[in-house]
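In this document, chain identifiers A, B, C and D correspond to the written order of the chains, with residue numbering beginning at 1 in each.
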Amino acid sequence: MNVAIIGASGYTGLELIKILINHPKFDITYIANSSGEETLEELHPCLKDVLNVKVQKADAKEISKVADLAFLALPHKTSMAFAKELLELGVKVVDLSADYRLELETYEKHYCPHEDKEHINEAVYGLPEYYKKELKEAKLVANPGCYPTASLLALLPFVDFIEEKTPIFIDAKSGVSGAGKKLSETSHFVHLNENIHAYNPFKHRHMPEIQEKVKLVKSKEFQINFVPHLLPITRGMLVSVYATLKDEIDVEKILEESYKNSKFVRIRKTPVDIKSTAGTNFCDIFVARNGKALFVNSSIDNLLRGASSQAVVNANLMCGFEEDEGIPKIAYVP
Amino acid sequence: MNVAIIGASGYTGLELIKILINHPKFDITYIANSSGEETLEELHPCLKDVLNVKVQKADAKEISKVADLAFLALPHKTSMAFAKELLELGVKVVDLSADYRLELETYEKHYCPHEDKEHINEAVYGLPEYYKKELKEAKLVANPGCYPTASLLALLPFVDFIEEKTPIFIDAKSGVSGAGKKLSETSHFVHLNENIHAYNPFKHRHMPEIQEKVKLVKSKEFQINFVPHLLPITRGMLVSVYATLKDEIDVEKILEESYKNSKFVRIRKTPVDIKSTAGTNFCDIFVARNGKALFVNSSIDNLLRGASSQAVVNANLMCGFEEDEGIPKIAYVP
Amino acid sequence: MNVAIIGASGYTGLELIKILINHPKFDITYIANSSGEETLEELHPCLKDVLNVKVQKADAKEISKVADLAFLALPHKTSMAFAKELLELGVKVVDLSADYRLELETYEKHYCPHEDKEHINEAVYGLPEYYKKELKEAKLVANPGCYPTASLLALLPFVDFIEEKTPIFIDAKSGVSGAGKKLSETSHFVHLNENIHAYNPFKHRHMPEIQEKVKLVKSKEFQINFVPHLLPITRGMLVSVYATLKDEIDVEKILEESYKNSKFVRIRKTPVDIKSTAGTNFCDIFVARNGKALFVNSSIDNLLRGASSQAVVNANLMCGFEEDEGIPKIAYVP
Amino acid sequence: MNVAIIGASGYTGLELIKILINHPKFDITYIANSSGEETLEELHPCLKDVLNVKVQKADAKEISKVADLAFLALPHKTSMAFAKELLELGVKVVDLSADYRLELETYEKHYCPHEDKEHINEAVYGLPEYYKKELKEAKLVANPGCYPTASLLALLPFVDFIEEKTPIFIDAKSGVSGAGKKLSETSHFVHLNENIHAYNPFKHRHMPEIQEKVKLVKSKEFQINFVPHLLPITRGMLVSVYATLKDEIDVEKILEESYKNSKFVRIRKTPVDIKSTAGTNFCDIFVARNGKALFVNSSIDNLLRGASSQAVVNANLMCGFEEDEGIPKIAYVP
């Protein structure tokens, strides 16, 4: 099946290319970025002698002629305008931006006015463990944010057992690649090296995404209190969920049961680390309890399970392929 | 005033030496380690042309002849045997180990049988913001653990306002130097680089230290749930306290009030980072609230405020000097 | 074709497993380490849900029943004893240790007495760009050291043009994984983080390996002066060769010509970096000239091109497969 | 003595402030940057509760009223315009830019037309080990570049013994702070982390500075071939000089003799590392020889010995103080 990658300059665009080059079912027939003036090798010198094609300036009509599905690795707002056009031309879309992740009202409150109200309601949230059936029928998939992916996979199994009206705290730590390629004080080497700090505590836009999905999946409303941190590492994400349980239950058993059929969630007997998942689509989860105090601890690769490899899993499902077809499972370790 | 440093080989011993070399009131007259076979320059090549003396094999009687106060940077258990001897010889002691930090029962539950029951009750807990008066009279000071220092300074101002019976969560992150100089898989470069992971969640021995001190200082009992992490950096510590408030109070004001007279606590308007305190005795604190959900965020240098510089502050107080005499205030930044 | 991996506990053993899991022509039928008591998942938690088999205690006879070729990722000296046995049982061997890399006299001078004089002379040096023909006929391949791989690929094209009797300097920098998994002061995180230093200048055992191969391949004798450094990164290697040319020649052209048919050497127009090759079998090379002063600059992944992926390239050649069959080409970047 | 710091926003400005706060002889009476709109605490949050003064917009006349000496931590070209004005007003100047480091012709070839031809010839090159006498009389000191400082201190003792007409190679590695605070692709965390690469090989502007000073100090002309690298660390610099000796001389003895009276050069018996000098004004040097091949290896803190602390040493000399008055000698280690 022929696919297009729109937004090839950034980190998630590059990761999409790296996965799809070796994918047994998808062929990349179109690659685009905003300028359309460089070759792939100029954009990503690591691809020299691996894949070198002209990178186009994205054109929906051209895409519809050569691809059945498009991955959009574009900024918020840019993405919805483009997705709309592609969907109308009959091209399936996996959108890696935030544009279709939220309900209209939530989106407009936290981002901007929405420009594709026609499709926002039919978008499926691309968290395969909880939306597999819908994904198999989907024409438009909203790929989850990196923090929501790791947070929801850790939290959802326990939602029914958490004391209502108590706050849930999520302390999340991400590698710098999550902040993208653009230059900023925060991503200056000297600023972050030998350092770590929280940013936007209780105010990050992934907080309403987590809160809304908990409500949609579990029909329960909780106050999610989300505090993200930037780590002095390139890739990887560690999430710690802290909550108060109603009873002193067997948390290991609940976790095992929840994911016994999942190919990409691994239950760990010791606290998870970033290295075991970096380079893969796995989400590793560990759980511990102290009386009624709950600690759920998950690890993902922010650029893969938090973006590009999860996007390809979603594309696999949309196209009727096996979920794990061509998906990276081997960590970069050591 | 003449001082001795016992335990010169490790990181905290080195930091003590570095501070005391330039201290205007203390003179180092005795330096010891367990072998007594090397020079200081052999132990710490960075001290070449700065200070080079023979490092002794520690002998309490000899120390009592040349020093009025001794800093013990020794392992647990070794420390109490030695402190006992020194105290009996009339030498004041600042003990950097855990041996005198806890009440007898708590200590024996989490460490080992105590061998100096004579002095354990007269030891003063060396957190100057809360024990200044007692420190001025003390002959034996138990220097707090690094995690308890950062956790208590963040938590104590809010204890009276936290909903009783709700768990308090502390997510703490430390640089690797906190694990000491000895070789272990955990401190292997390849293991920790580009990585981060929790260890001993809900089981670290600093958890009862925090819990006990909250009770002693504030006469309130809380379930403290402590989860430490190892960071891929050399020094520094970041602590996040998550708790549920009784009411939607003005947390910034409470924090400001609590430390308005403190020379070594700085209140920050944005989340704290590790770099601003690394190299100093400062504890930086930031606070935020989301409804009744509380986030208190503190940063210290684990080897200085979490060990050696706090020990010298305590010695200053014990000897009637100004609290900040000779104490490092200038961060290594950038 | 069935293959065995002997020495599965270390970094190079793990990398062999990671490559061979997805190799289209080789099947792993036997994995061993020295204890034979763990599962693969216990040795390498990152392999959970990827590959989990019992790791055997190595037994040559058993191997000969289930495998046609064995990769030996063993320490020097251990390796030759084992290789000898396997070769006598008709199993092809790719040896990743130093045991068969050197001529007998050179080996015994720099390592220890040799225990397999029968086979040392028939071993082929596994640098495919210079020994391809011999590798296709080989039963025993000595996989080159990491430093010699990067140094020789940079240096050999220019040997004929370098002023005789002038010293050649090689300033090499390696990630810490090159020092292996065993604990040592040098690999302690605190020692190496924010640091870099040379070690064994002019005395490293890879120096005679480079010198001998220059002589064997080019029939020229030079004084190679080799200074390795340890970098505060996990994997990757950068080598800088400095030499004096006889004439002011077109060095770019010579380099291009030398590797125009090579699938795994990429000529770069700007100084090479480590990230573009980490995760791959590529060697990237850049060259510059200032009058008669020559600078050749190469980059490899020390665990892959410097060990495991080069071993699989050699196995491909020994078995009549395409050189690049199943060999990693996609860098971990970013 | 009253001093001014002009250019307080950057890394070297901050380091100047940090040194001068505690200097026993100098008082900071004026701090300026280009905007003059922030407080010191806003520019450098680490200085909260340490020093907080209004940062001025630099004005030469105002400075001449309150300071006897000014440190200029300004960009090239900006610096000479300002220095000129100050010198005419009778203020002594230590200039940290390149503007007065070179002879006129060399400067204009590698930088830009010079705007202060009046003073360029009277500037003294601020490398105290080789210009101490002149520095004591100087009104204008050109503080050396970081690479030239480490390179010249390593190279100069051996210049008389190096084979003429053979190229000298300098392989230098610097922490990222050397590239300054401004945002660039090169200083993006993701670009440099787990990476290292050369830049401007044979073309860096510190190459003519080294070459010219060798000629001036030793009256010998050599072809210096300089290759700088960027390291994934914040501060520190390691320099390796490779050259061909005329004879197999006792290099350790030559080195010891050269610096036996120097307070800030330490001779090491093993290869130098970055950590032992980071935080200090020391230059550590190690030397090794292999036949006639010479390896001289030096380490400095690029922001201190390579800039700010060397500037204060120069100011000490200019003002008749002890060379090491108030100069940092205690490394940040570990």
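One rule holds in what follows: contacts are C-beta pairs under 8 Å (C-beta built on N, C-alpha and C of every residue); 3 or more make two chains touch, one makes a residue touch a chain.
Nothing here was measured: the structure is a model prediction, and the numbers come from that model.
Visitor: Name, by label, each chain that touches both members of the pair chain C and chain D.
Guide: Touches both chain C and chain D: A, B.
Visitor: Go through B-D and A-B and name the pair with more C-beta contacts between its chains.
Guide: Between the two chain pairs, A-B has more contacting C-beta pairs.
Visitor: Just grab the chain with the largest centre-to-centre distance to chain B, centres being mean Cα coordinates.
Guide: Greatest centre separation from chain B goes to chain C.
Visitor: Chain A to chain D: how many Å between their CA centres?
Guide: So the centre of chain A lies 46 Å away from the centre of chain D.
Visitor: Taking each chain's centre as its mean C-alpha position, how far apart are chain B and chain D in Å?
Guide: It comes to 37 Å between the two C-alpha centres.
Visitor: For chain A and chain B, let me know how many angstrom lie between their CA-based centres, rounded off.
Guide: Centre separation, chain A to chain B: 40 Å.
Visitor: Two or more other chains touching the same residue: where does that happen in chain C?
Guide: 11, 177, 190-191, 194, 232-235, 275, 334
Visitor: Can you list the chain A residues touching chain C in their complex?
Guide: Going by the criterion above, the answer is residues 11, 14, 18, 21-22, 44-50, 177, 194, 234-235, 263, 266, 268, 275-276, 279, 282, 303, 329-334.
Visitor: Provide the residue numbers of chain A that touch chain D in the complex, in ascending order.
Guide: Chain A residues touching chain D: 11, 176-177, 181, 183-185, 187-194, 232-234.
Visitor: Under the stated contact criterion, what part of chain B meets chain A in this complex?
Guide: My answer: residues 166-167, 169, 171, 173, 190-191, 194-199, 201-202, 223, 225, 227, 229, 231-236, 238, 240, 242, 244, 271-275, 278, 288-293, 295, 297, 334.
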